[in-house]
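Supplied in structure tokens, the structure appears directly below.
First chain written, first letter: the chains are A, B, C and D, and each begins at residue 1.
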Amino acid sequence: MTKTLTVRYFAMFREHAGCDEERVELDATTAADVFRLLGDRHGASEPLGHCKVAINDAMADWDSEVADGDTVLLFPPVAGG
Amino acid sequence: MTKTLTVRYFAMFREHAGCDEERVELDATTAADVFRLLGDRHGASEPLGHCKVAINDAMADWDSEVADGDTVLLFPPVAGG
Amino acid sequence: MMRMTERPIDPEALRRELLDRAAGAYASFEGWIRNHNDGRAVTRLEYEAYAPLAVTEGERVIREAHERFPILHARCVHRSGLLEIGECAVWVGVSAAHRDAAFLACRYVIDQVKVRLPIWKKEHYANGDSGWVNCERCAAHG
Amino acid sequence: MMRMTERPIDPEALRRELLDRAAGAYASFEGWIRNHNDGRAVTRLEYEAYAPLAVTEGERVIREAHERFPILHARCVHRSGLLEIGECAVWVGVSAAHRDAAFLACRYVIDQVKVRLPIWKKEHYANGDSGWVNCERCAAHG
């Protein structure tokens, strides 16, 4: 089922996507689906296992389901400190 | 052989000896001999293994030999920090 | 308590917040911007953070430190924005009755903060290049 | 560098002595006078040190830290005299390229300083008693 999602990009993902944020229509069930579909579209190749995701401002697992209207935050490999 | 030594006491050893420092004539070969002879004299009972010794301002082992005229520093169990 | 800031970190002021008459030990850690990384000369670092979740996740890390170790107080502050060589990028402080807990909790907080908080850094090199830190490693594992 | 002092320790001033453009990590430890020990209320502590050998032995500990861990700078300052609750009795600071060495060296220095330097402390209790710390343990092993 196609869902309308707001996707936010950070750091290198923002550079790949060319924007901070976009609204997308995706046939996605889980956060991992969103990651793969948009990775293909934007030519990003970071492996999912190195990245993190949040849904509506809460850290989430890659197999968390996304719902129509959700905001999905895609985090490339973090490097604080 | 009897040696003339200057012995300095610290912390609880000073309290046992009732003085900072004294000159003693002892029939002692090693630092451990000094420790035992003076422990008996002053009624101190701390085990040697918990204590430390210095000879002429250098840390020493208990089996280091003492020479006539040496200054022997007797350190009760340390507790810095 | 976890805090994100765009202004210089003041370790001495933060340390004072951890004073406690029951504390016998205080351990702190600071991450400083150093002038080299992986053999390349670095001129400055740019930190990007998603502050709302960095704070939430940092608070979670600090709660975990309290659950794991008998400590009195633990705090962490992380900078974002452009930092010059020598500046403090992250500060962690822990006070506890005894030093073992203070050291272990301090180490736990910085280790977790580095791998869990949504914070990224871009290094600017002496030759004019720049790059996201860890990006290469990530590609190598790809 | 090892230093003994009878005046209050200034951690912020000491920290600045360890700044280094090649350092990415700074770990520090402070021992504070806490208001309790072994279940007894403590009012103040009296530190006695034999300073000449405390400095010599402390310098040796710091040299060993440099030999064991890849660090840039390590320092330790220890107080002597009468200290009130909340005061800093000992400070250790280490800077290094990476945090692992900074933490390990900092821990090494404080652990060794506590068991090797000729320093003693007498606790004064709320009920008016006083006692040399560790004396009881020593007697128990006797």
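Quick notes on this structure:
Simple rule for what comes next: contacts are C-beta pairs under 8 Å (C-beta built on N, C-alpha and C of every residue); 3 or more make two chains touch, one makes a residue touch a chain.
On a predicted model such as this, the values are computed, not experimentally measured, just so you know.
Taking the definition of touch as given, a chain qualifies here only if it contacts subunit B and subunit D alike; none does. The centroid of the Cα atoms in subunit A and the matching centroid in subunit B are 72 Å apart. Averaging C-alpha coordinates per chain places the centre of subunit C 24 Å away from that of subunit D. Subunit A and subunit D have Cα centroids separated by 49 Å. Under the contact definition stated at the top, the residues of subunit A that touch 2 or more other chains are 81.
Touching of two or more other chains is recorded for residues 31, 99, 110 of subunit C. Contacting chain pairs in the structure are A-C, B-D, C-D. The residues of subunit C lying in touch with subunit A in their complex are 31, 47-50, 52-54, 56-57, 78, 89-90, 110, 113-122, 132-135, 137-139, 141-142. Here subunit A touches subunit C in the complex through residues 10-12, 45-47, 50, 52, 54, 57-59, 73, 75-81, going by the rule given at the top. Against subunit D, the residues of subunit C that register as touching in their complex are 11-12, 15, 19, 21-36, 85-86, 95, 97, 99, 102-103, 106-107, 110.
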